[in-house]
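Here it is, the structure, as C-alpha cells.
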Amino acid sequence: MSHNTFGHLFRVTTWGESHGPALGCVIDGCPPGIAFTVAEVQSYLDKRKPGQSKYTTQRREADAVKVLSGVMPNDGDDALITTGTPICMMIENTDQRSKDYSEIARSYRPGHADFTYDVKYGLRDYRGGGRSSARETAARVAAGAIARKVVPGMQVRGALVGMGVHEVDRDRWDWDEVDRNPFFTPDAEAAATFADYLDGIRRNGSSVGAVLEIVADGVPAGLGAPIYAKLDQDIASALMSINAVKGVEIGNGFEAARITGEDNADETRIDEYGNPAFLSNNAGGILGGISTGQPIVARFAVKPTSSILTPRRGITADGAETDIVTKGRHDPCVGIRAVPIGEAMLACVIADHYLRHRGQTGRV
Amino acid sequence: MSHNTFGHLFRVTTWGESHGPALGCVIDGCPPGIAFTVAEVQSYLDKRKPGQSKYTTQRREADAVKVLSGVMPNDGDDALITTGTPICMMIENTDQRSKDYSEIARSYRPGHADFTYDVKYGLRDYRGGGRSSARETAARVAAGAIARKVVPGMQVRGALVGMGVHEVDRDRWDWDEVDRNPFFTPDAEAAATFADYLDGIRRNGSSVGAVLEIVADGVPAGLGAPIYAKLDQDIASALMSINAVKGVEIGNGFEAARITGEDNADETRIDEYGNPAFLSNNAGGILGGISTGQPIVARFAVKPTSSILTPRRGITADGAETDIVTKGRHDPCVGIRAVPIGEAMLACVIADHYLRHRGQTGRV
Amino acid sequence: MSHNTFGHLFRVTTWGESHGPALGCVIDGCPPGIAFTVAEVQSYLDKRKPGQSKYTTQRREADAVKVLSGVMPNDGDDALITTGTPICMMIENTDQRSKDYSEIARSYRPGHADFTYDVKYGLRDYRGGGRSSARETAARVAAGAIARKVVPGMQVRGALVGMGVHEVDRDRWDWDEVDRNPFFTPDAEAAATFADYLDGIRRNGSSVGAVLEIVADGVPAGLGAPIYAKLDQDIASALMSINAVKGVEIGNGFEAARITGEDNADETRIDEYGNPAFLSNNAGGILGGISTGQPIVARFAVKPTSSILTPRRGITADGAETDIVTKGRHDPCVGIRAVPIGEAMLACVIADHYLRHRGQTGRV
Amino acid sequence: MSHNTFGHLFRVTTWGESHGPALGCVIDGCPPGIAFTVAEVQSYLDKRKPGQSKYTTQRREADAVKVLSGVMPNDGDDALITTGTPICMMIENTDQRSKDYSEIARSYRPGHADFTYDVKYGLRDYRGGGRSSARETAARVAAGAIARKVVPGMQVRGALVGMGVHEVDRDRWDWDEVDRNPFFTPDAEAAATFADYLDGIRRNGSSVGAVLEIVADGVPAGLGAPIYAKLDQDIASALMSINAVKGVEIGNGFEAARITGEDNADETRIDEYGNPAFLSNNAGGILGGISTGQPIVARFAVKPTSSILTPRRGITADGAETDIVTKGRHDPCVGIRAVPIGEAMLACVIADHYLRHRGQTGRV
C-alpha cells in the first residue's frame, strides 16, 4: 500500500483533486473476463454524488464516468469486458467554484487538513481542499463497482445506523428501506427522526456525525491472512482511510470488551447440509483474521463536517489568530454520502483478499 | 504489507509459532547508527511475557531475546549499533506443552481461528494455536523496542482503560501508576476494582475483554500521507492486527459521531513561542491523515479470551457437533498483556511514517 | 512493484492501450515543490513519438500530454509546481486504425505477445497489440520528465551504440551529435552507416535490433540498497521491462566475465579536493548495489521488430498453422525510439532510490 | 520489493552477515501442504558451500540449515509439510576469522562495496564484508529449495558456460556432466580447460569472471505480467541482485540486437497433440513478459573476484592513498558457486509468478 494506492492483487490507485480538471482511479490486477456496463458504475456514483437532497452539498457534479483503458467491447451486448490490464476511469470536474475558497487560502480551518498539508508539503492546494476533498471518494466508488464483481455471489450493502444522538432500531431493519430515504438508513421511523434532527442542525449552521454499517454477504470462508494481512485489519485500514472517519469496529466491536468469553463466543452447530452453522455473529464473520463464511460486518464513525458556519477560533499560515467561518457548499452530515464509499471500500478489500487467497492456496 | 510483514520503510516481518523451536522478527530498513542494548529490548519483552501475575497464563517462558544480525558492537560501551541491514531477533520457545492441546487437534474452539485456518490452508498447526497464538506478539514487542528509537524525542505509552463493565476515571489518570499494578492501568482505584472483578471471572472459568489506550508524545507534525497511507489508517491496521482486537478509535473516536461540528472542532491559538496551540485533541493528533504535533491517541477493544473452562457448543473437523472446554494455561483477560504490544505497534507505525515522510519531502 | 507499477517512493503506474481513447501515467510519491512546464514534458515525448523520420512508424500521433492532477500553478511564471499528491498525465490516442489489425485478430504473430496474452488471460485486445504495444512507453517518458527533476544536478542521456552488425566508434563519441541524426547515435560516421543499412533492411520488409547505452551523470554516492534493492538490479528490471529488450549490462557488463580481477578493478586515488577519484569505471558507477558517485552506465539490447513483411510460419488461436505477414505501420528498428524510453526509466529508478536513501538514512 | 525482500506472493527475506552468529531467510506466502525434507534443502546448500574444491574459498562452513517455523511434521514419513505460515530457516556461522579482516577495516578495497557502504550508512560492518559478503547467498539457496516445489513439474538447472576467455562447446552440452566436475559445467572438455586455466589464475594471485546459464523446464505458459512485472524483468532483477553480477540476458540476449527480424522470430507449428510447437527458442521462453511454455533460459555475467593478492591502488576511509592486497580466503572464480544461487533465484521468481498468475486469473 503506497500513498495513493491500496490493495495488493486488486490494487486501486486514485488521483485528482477537488478543483483540477478531473479525478479518477486505476485498477491494476483485475481478473480478465469480467463484464460490466458503464451504467452500472454510474449507478453507484449517482448514489454518492452531491446535490441529491437538501441534506447534501449543493455542488452540482454529473460525476459522469469514462472508462479509458483495460476493457474491450463484449461480444453480443453493450457491456465492456476486462482484459486483465489496468482499468483507468476518469470523472471530470465541472462545477468548481474556486472563488469560494480564495479567502481561506491562508487560513487553517479547525478540523481540516489545511495545517497538516502545509506542514507536510510546504505548500498546499487550497482550492476546495485539493486532494483532501471528499471528491476523491468518487474514484473509490467507481473502483468498488468493479470489485463487487470479482467475488462470485458476493453482495455488499451499507446503511447509516446512527446520526448524532439518534440511532436506528435494529428490530425495524429493512434493507429495502435504505434506498427509499435520503439517509440510506434501514429504519423508516429513524429516517423521519433524522430528517427533523438534521434540519435543525443545518439551520443552525452546524453539522453532526454518523455511524455507518457495511455488510458483505456471500463471502467464502478462508479469505484473509495471518498475521499482518488479516481481513479485519485491511477492512479497518480501508474504512479509516475515508475522510472524517475516527473509529472502526468489526462484528460486535467495542461491545466485545464489555462482555464475558461465554457470551462473546459464537457457538457452532452442523446444519442440515452438513455445514458449519454459527448461532451468532459477534465475530462479524472473521476469526483469526480469516473469513468464516458468515456475513462480514463492519461499522465506522464519521465525525461531523468540519466546515461549518459557526465561527471557530483558528490560526493563519502567517501565525496570526483568527476566527474562521467556512462558507461554501457543505454537507451538514458528511456521513450520509459515506454509505456508498464504505461499500466500495469493503468490496475492494474483499476482492483483493479473494485473489490473494487464490494465489497462495489455489483453494477457491 | 504482505502476509507477515508490516510497514514500508521500517518493515517488520515476524515468524514462528507457539510450539516451534523459536519465533522472531526481521526489521528491514532500520536507519543505521541507532544504539541500543539487548537489556532494553528485554525490558519490553518482560512486560509482555506470561506468568507475571496470577492474572496471566502460567506458561513460563523466559522470552530471552537474541540479536542475530544487523548490528555491530558500539564503540566504548556494551551497546549495539544498527548498521542499516536487516535486524533479526530470535526468542526460543522453552515451555511448550503440546500434550495440553492434543485433544483439541480435531476440534474447532468457538472464537478461535481453528476452523478458519483449516478452511484456508487445508491443514493447521494445532499445537498451541500455531501461528495464531499470541506468542507471536513477542516478536512485535522486540521490533517495537527498536522503533521507539527511530523518531527523536518520541515517547509511546499505553494503559488499560476498561475491563469488562468497569472503566478508569480519567481524572485519576497517573502514568506512573501504570507500572505499579498488574493491569497496566493508570488509575489506582480502578486497579483494585479490576483485581476483584478478574478474580471472580477467573474463578468462574470465564474471561473478559478490555479497552486499551496508547499515546505517543513528541511526534512531529507532518507524518502520514493522504490518501491511503493516512497515519490513522495505518494505526488502525496495526492495532486491528493484534490478536482478539475488534475495534479501533483515534482521538474521541465513536464519540465524534455523536456530537456537533462546533463541539468536535479542535480550536487553535498561537502559543507564546509563536507556534500553533490546539485547545483540545478530539482529533487524536491527526488531521487529514497527517500528524498535527499533538499527542497521537488511539484506543482498541480486545475481546474476552476465547479459551475458557465453561463448555461451549462447537464442531469438529469431521463435521460432528461437540461441547468444547478449553483447558490449558490461559489469560482470563488477554487484553492486559496487549498493552506493551499496542505500544510496540504504534511505535513501529510512527517510525515507518517518519522515514516515509523524510523520504518524500526531506522535511525532517 | 505490482503489475503496472514500478518504483517504491517515486512510484509510476501506467495505463492504456494502443487503440483505446487514451493512455497515461500516475506518479505517486513525487516530492512537493518541483516546478516544471508542460512544454518540458512534451519535449521528451516528441523525441519518442512516431513519424519523426522515415526510419520510424508512420503512425501520426501528436502525443500531446495533459496534466490532470498533482500540481498547482506556480507563482510568477507559467510553470506548474508539484503538490506531493498523485500526478496523472494523459495522452489521447488519435490515429488508431483498428482495421489494420482485424485480420490478425485470431493469429499469433511470431515474436509477439499475442499467444502469451491469450494463454494468460483467456482473451486479448488485438487492436494494435493492446497493452503490449510500445505506445505504452509514451507514459513512461512523461513520468521520466518529472523524475529527472527529483535528483538535484542529475543529467540522464542515452544513445544508440549498435544497430544489427554495426557499432559506433567510441573514440568519435559526441553527445551533441545524438540530437543531430535520426538514430540518436553519438557517432556521425556511424549515423551514415546506419542510414544505409536501415534503408536496406526496410526495403527488404525486414527489421533489425539495436544496442543502447544510457548514462546518468551527477548521481550522488550512496543510492541503492543491499540486498534486493540494489541500484543495478532495479536498473536491470526497469530496462528489461521495455518492450523487446533481451539483455542488460551495467558498466563493462559481460566483458567483466572475460577479464581478470586486476584488470577489472577500478583503482582509486584522492583528487585535488580530497575526494575519491576512480581511475576507470568498469563498475558502471555501482559497487555492492550502491552508487559510487561515478556516472551510472547501463546498456540494453533491443531485438528486431517482430512485425515484418517477410512471411513467417505461425499459428492461429484456433490451432491451425498459417503463414504470417504483419502489415501496418512498423518501425524497422524499434530500438531507435527506445533511447528516450531508456532515459526515462533510468531517471525514474534513480529518483526512487534517491528518496529511499533519504528516507532510511536522512543522508542527502 | 523492499531492501532485503524479493517476490510478491512467494516472498523471500534474507538476513545475516558474514561474521554474525547466523544468517537465514524467511519465506512468506508459501502455499500450504508442500512436503520437503531438511536433507533436500541441505543438498542444495552443499552445492554452494565453500571448501568443496581447491577452486573455492577454504573457509569451512557446514552450512547446516535449521527450519525454525512454518512447518509441521508430515504424517507417515520424516518430511516436513508447509502450513502456509512464514518459513524461517537459519544457518549458523562457525568459521569466522574476524582477524583476517582487521587490517582492512579502514581501507576501501577496489571493486568492493566498502566505500559505498560507508558513504551510504555512515558506518559499515567490515568483518568479512558484513552484509555484502556472498555468505548471504546461502539463505537464497535454502529459499530456492522450497521454491522448486511450488510449480508442479518444474525443473531448474544451471551451468557455467564461460570462464574468462574460455567457453563451453554447446554441441557437447551434457546436463549430467554438470555434477561431475568442480565447475558445474556441462562440457567435460571445457572442464579440463577451465581447470588448467584457473590453476594459473590462482597461482598468480589473480581471479577471473564467468558466464552462467540457468534453464527452467516445465514452466507453464502464461506466467508473468505486463507491464512492470514481466517474467524476464523479474528474472533480470533477481540475477542482477547476486553479488558481482554485471549483465543478464534472456534467450539469445544481446545476439538478438545483431540479427534481423526474420532470423530472430521463433516460428511456430502445431505438434502432433494439437499444441503450439516453437521451432526455436530465441525468446528464452518469454514473449511480452509472459512465459510461452518453452524452457526459460537466462544467462548472467559474474565479474572476477575483487579480493586478489595482486596489489591495486586504493584509498582509505581517512582519505589517504594506499596499495591494497586482499589476503584471506577467496574464490579465484566466484562465478562457480553462483550456479546453485542462480538456480535458486530463478526458481523463486517463477514460483512467485505462478502464484501471482493463479491469483489474478485462477487459470492454473
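Per-chain numbering from 1; labels A, B, C and D assigned in written order.
Operating definition for what follows: a residue touches a chain if its C-beta (ideal position, glycine included) is under 8 Å from a C-beta of that chain, and two chains touch if they have at least 3 such contacts.
Remember, it's a predicted structure, so these values are computed and weren't measured experimentally.
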Pair joined by the larger number of C-beta contacts - A-D, A-B: A-B
Chain separated most widely from chain A, comparing mean CA positions: D
Chain A-chain D separation of Cα centroids, rounded to whole Å: 45
Averaged-CA centre spacing for the pair chain B and chain A, given as whole angstrom: 27
Multi-partner residues of chain C (at least 2 other chains): 2-5, 8, 14, 29, 32, 84-85, 120-122, 131, 226, 360-361
Residues on chain D engaged by chain C in the complex (per definition of touch): 1-6, 8, 14, 108, 110-113, 115-117, 119-122, 131-132, 136, 162, 164-165, 201, 206-211, 221-230, 232-234, 236-241, 243, 246-254, 256-270, 274, 276, 279, 282-284, 286-293, 301-308, 310, 312-315, 319-321, 335, 357, 360-361, 363
Complex interface listing, chain B residues touching chain C: 8-9, 29-32, 84-85, 226, 355-356, 358-362, 364
Contact footprint of chain B on chain D as seen in their complex: 2-5, 8, 11, 13-17, 20-24, 26, 28-29, 32-33, 66, 68-70, 72, 81, 83-88, 90, 120-125, 130-131
